[in-house]
Amino acid sequence: VAELTAYCLMLGDDALVLSQRLAEWCSRAPELEEDVALANIALDLLGQARLLLSRAGEVEGAGRDEDTLAYLRDEHEFRNVRLVEIDCGPGPGGDFASTIARLLVFSSWRLAVFSRLVESADPVLSAVAAKGVKELAYHRDHAAQWTLRLAGGTEYSRERMVAGLARVWPLVGELFDPHPVELALPGVAVDPSLLRPEVDQVLDTVFGAAGLHRPEIAPLSPVAGRTGRDGAHTEALGYLLAEMQYLARSLPGASW
Amino acid sequence: VAELTAYCLMLGDDALVLSQRLAEWCSRAPELEEDVALANIALDLLGQARLLLSRAGEVEGAGRDEDTLAYLRDEHEFRNVRLVEIDCGPGPGGDFASTIARLLVFSSWRLAVFSRLVESADPVLSAVAAKGVKELAYHRDHAAQWTLRLAGGTEYSRERMVAGLARVWPLVGELFDPHPVELALPGVAVDPSLLRPEVDQVLDTVFGAAGLHRPEIAPLSPVAGRTGRDGAHTEALGYLLAEMQYLARSLPGASW
Amino acid sequence: MDAEREREFDRVVAAEQRVEPRDWMPDGYRKTLIRQIAQHAHSEIIGMQPEANWISRAPSLRRKAILLAKVQDEAGHGLYLYAATETLGADREDLTTRLVQGRQKYSSIFNYPTLTFADVGVIGWLVDGAAICNQVPLCRTSYGPYARAMIRVCKEESFHQRQGYELLMTMMRGTEAQRRMVQDAVDRWWWPSLMMFGPPDDASSNTERSMAWRIKRHTNDELRQKFVDMTVPQAEALGVTLPDPELRWNPERGHHDFGQIDWDEFWRVVGGDGPCNRQRVDHRRAAHENGAWVREAAAAYAAKQARQEGAA
Amino acid sequence: MDAEREREFDRVVAAEQRVEPRDWMPDGYRKTLIRQIAQHAHSEIIGMQPEANWISRAPSLRRKAILLAKVQDEAGHGLYLYAATETLGADREDLTTRLVQGRQKYSSIFNYPTLTFADVGVIGWLVDGAAICNQVPLCRTSYGPYARAMIRVCKEESFHQRQGYELLMTMMRGTEAQRRMVQDAVDRWWWPSLMMFGPPDDASSNTERSMAWRIKRHTNDELRQKFVDMTVPQAEALGVTLPDPELRWNPERGHHDFGQIDWDEFWRVVGGDGPCNRQRVDHRRAAHENGAWVREAAAAYAAKQARQEGAA
């Protein structure tokens, strides 16, 4: 039970935090069509997050609903990978190219996870995955198309795309590190270490078409042996949560 | 009593919020000397804020100390002028020139206030003012020197300085609008409308030496007749407070 | 020849039929429409900002999803409306340039700040409500593409309005702090909402011709009265006080009387000195400028693809 | 001639006297000092970031003031130390360029993130504590300006260390959540603090010559042992557990034994792949580049003033 709860939080937090990041583009995207598209992707991920956090709360059985889990957990209780929390723009830490690079990597990886999760012995996870694969396929496609455009557009956009990939690459390895929680749930959870060849192939296809190379950058170190999955995050997450949770925390007892 | 409390909050919040803004430069200033100088000014203002908020709590007599007032009031309870809360850099809303422009205007105004407040019938306000005038004279001087350097440096820096003044100018008028609280405390509070000629003269001297003109930009409208002094702020303050107050609010009962 | 076309055009309009993009139309009609639809599109786009301001801080995941979807719809409305101007020969890039240079207007209501989450609900209720009053008649406007766009826009905005009202209902049933937030938001948005119908009829220069062309169908004051009459009972149901001591039912007129609008404020905000005018335009300009390299890349890529396909 | 100067230099150093800027000194000594002092200066400057990360969020105004003053002191230390390198003929702009291009190092400890406010206290206690162990001997280092800078730096750092420890004491007396934060921070910072003394003596290439020149006075392992012995009773007083099961008093050695340091991690972080290496250098580079126009303006203004005074 503790493992299943933790697993739902892992996948739910990934979606919640990336959704929060993508929604930052809302009213700031390079063109209106992209305002619509990024909001759409953020909404899909938010939907996945709500189902997964609700499931986590249900399995845990301690009366925590999606909002309690989203708004009243502290930073070290968040189980998302560090990739989704860093600022890839529109803040000063990134730009549209790094947003696309992250989305390409993340949605390729998550699509591989969800494709297997469809077979999960947990009926809720299986249903969430079945709905999610279609969404994620669209996200991946959207990111791949922009990768081609930016890599094959102007000299400047190509530089940005290369830099964007370099920005996110140190955090890619973490996606495939199996966590004890995942290994403790055979038939229910997906072991991400098995997905690397498949995801690499997808990425290599996109990189090939875009004339890009897979970056050669070492992975970001864990902190005291812990990564995002263990609650050890980057300095970016604290700010993100402060903004996200402030109102909910400052009016305890309010209903919305 | 209510008026004196409110007056201390007005002057205290001005200092607290501008201190928070200036401290954002810490580790991001254009040169190390300026990291030191801006931190110094932020510290002076933080010191003034602590004394004034403590005094507000003491006069109010409801057991609220400086931290309760700083961390547990909601946005609409903050009484600072809107000038101090807007993003004048290092965030995307400004740059070093607008930071300097704001500091020049604010410290010239506050020095004029404090010079009179030294005579206040309230002994604490009088003591805070006596200590503050020296600090504020230094802040004003620092800002004036940078105004000269930026206005008389390169073509680009001159453009930035002109734009920086234009950025803050719509919020200058509010500094001199007398608030009912100020008018209700003759001999204790300072009526800011009396200070305009003096402050204008100071600014005109700096502008004259820098070859700048006083901007001609209409003041920013109040919202439903209310300005910062009445708790009606810009959209910037909510984010500032979310960041500032988050930790204090998320661990109720903790002592630091 | 032109005189004959003009008679035909006048006949179509008078018969409540639709003018379509390929039909002949008077220059003034075309220009008036481009200006009006562009301002409407700009309003949708600028209108994203005050609400997007609360997406990251929405206090529940459900409200976050509703708000994000709503702001996304606004971007969508902007897109249809820019497309409608393009059927009249306008160019979206050119209109955007006018917007970010401050040469074309958008609805002044978006020059007010959103200070609490209750503002999100009040914008849905009052601002979308006023917009719907303005826009429902436009669903029968004489220019076809505009009328069709408005049908879709109005449908979605009614949905947004209901969501806004529902949020306020929930908040009014919540804590004392929440009720205070709602009342405060109503106090701030009520008068600006009334200003959304434009200056009083005796000061409105464009009304007469626009009505003849069936671009407009009711005067500003008629629409404003309709909005007030519609909103008063909703405010009562909600349990909030509208901030106008002169507001009361007048049985003789069969309408609510209401107090004097502060037209000085109206003109000040229209003139550029509202609480957020510079902020809104700066925000839009920054997004537009920061995104220029992306749009250039997409155009360059599309051109290369087209060349390759031509060569193959 | 050089041989004679070198004998005189060796005599001065061996006699524990000070070498001053105008004195002759061997090239290797000068280069070693510039490198070491520059790295130290860089460490102060980069070291501002992990703590500045909490200024805006400090949970009380008193702690905010203490933290802001501390980070300001670090900028001040950086300034003295760059000034000391300039007495050796180095150029601050050039050293900064090396830093932001990743060509000169700084203390690896600052490549770890500050994840809670307890980290502020633990940095004061452990990181400043380790720095003091390293730096106290430098107050007697052979190069005068460096030694004098270190006296001031050490004094201020002792003060910071006490403030850090006091924060932790307060937190340990607070709520359960606060105690958990402190223990978690200690778990994360303990091993990196031990790494601050550098590689083990048998892997440290520069130690021997630096000791002969009286730039360094103790080996890495000696200082590390001293730090451990000093810290263990402080941890007990605080009520936290140091995350090392092998840590225990060895009465025969008269020192604490402790576990094996993860030198792979050490070299990985030194090599650039710690949790924050890129972030720290990017932050510094962005500040430097964003401030270039301001420094240029100040220089241009000063030049104009000088010309005017010359002309007058």
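Note that the chains take the letters A, B, C and D in the order they are written out, and that residue 1 is the start of every chain.
Going forward, a residue touches a chain if its C-beta (ideal position, glycine included) is under 8 Å from a C-beta of that chain, and two chains touch if they have at least 3 such contacts.
What you see is a predicted model, and the numbers here were worked out from it, not measured in a lab.
Between the interfaces A-D and A-C, more contacting C-beta pairs are found at A-C. Chain A and chain C, compared by their mean Cα positions, are separated by 35 Å.
With centres defined as mean CA coordinates, chain D is found 58 Å away from chain C. Centres computed as Cα averages put chain A at a distance of 40 Å from chain B. Those residues of chain D in touch with two or more other chains are numbered 57, 177, 286.
In chain B, the residues touching two or more other chains are 74, 92, 242-243, 246-247.
Listed by chain label, the pairs that touch are A-B, A-C, A-D, B-C, B-D. Across the complex, chain D is touched by residues 16, 20, 23-24, 26-36, 39-40, 42-43, 46-47, 49-50, 53, 66-67, 70-71, 90, 96, 148-150, 152-154, 156-157, 160, 243-244, 246-248, 251, 253-256 of chain B. For chain A in complex with chain D, the residues that touch the partner chain are 74-76, 92, 170, 218-224, 232-235, 238, 242. By the touch rule above, chain C contacts chain A in their complex via residues 45, 48-49, 52, 55-65, 68-69, 71-72, 75-76, 78-79, 82, 117, 167, 170-171, 173-175, 177-178, 283, 286-287, 290-302, 304.
Taken in their complex, chain D has these residues touching chain A: 50, 53, 57, 112-116, 177, 184, 187-188, 191, 243, 265, 268-269, 272-276, 278-279, 286. Listed in rising order, the residues of chain B touching chain A in the complex are 74, 92, 239, 241-243, 245-247, 249-250.
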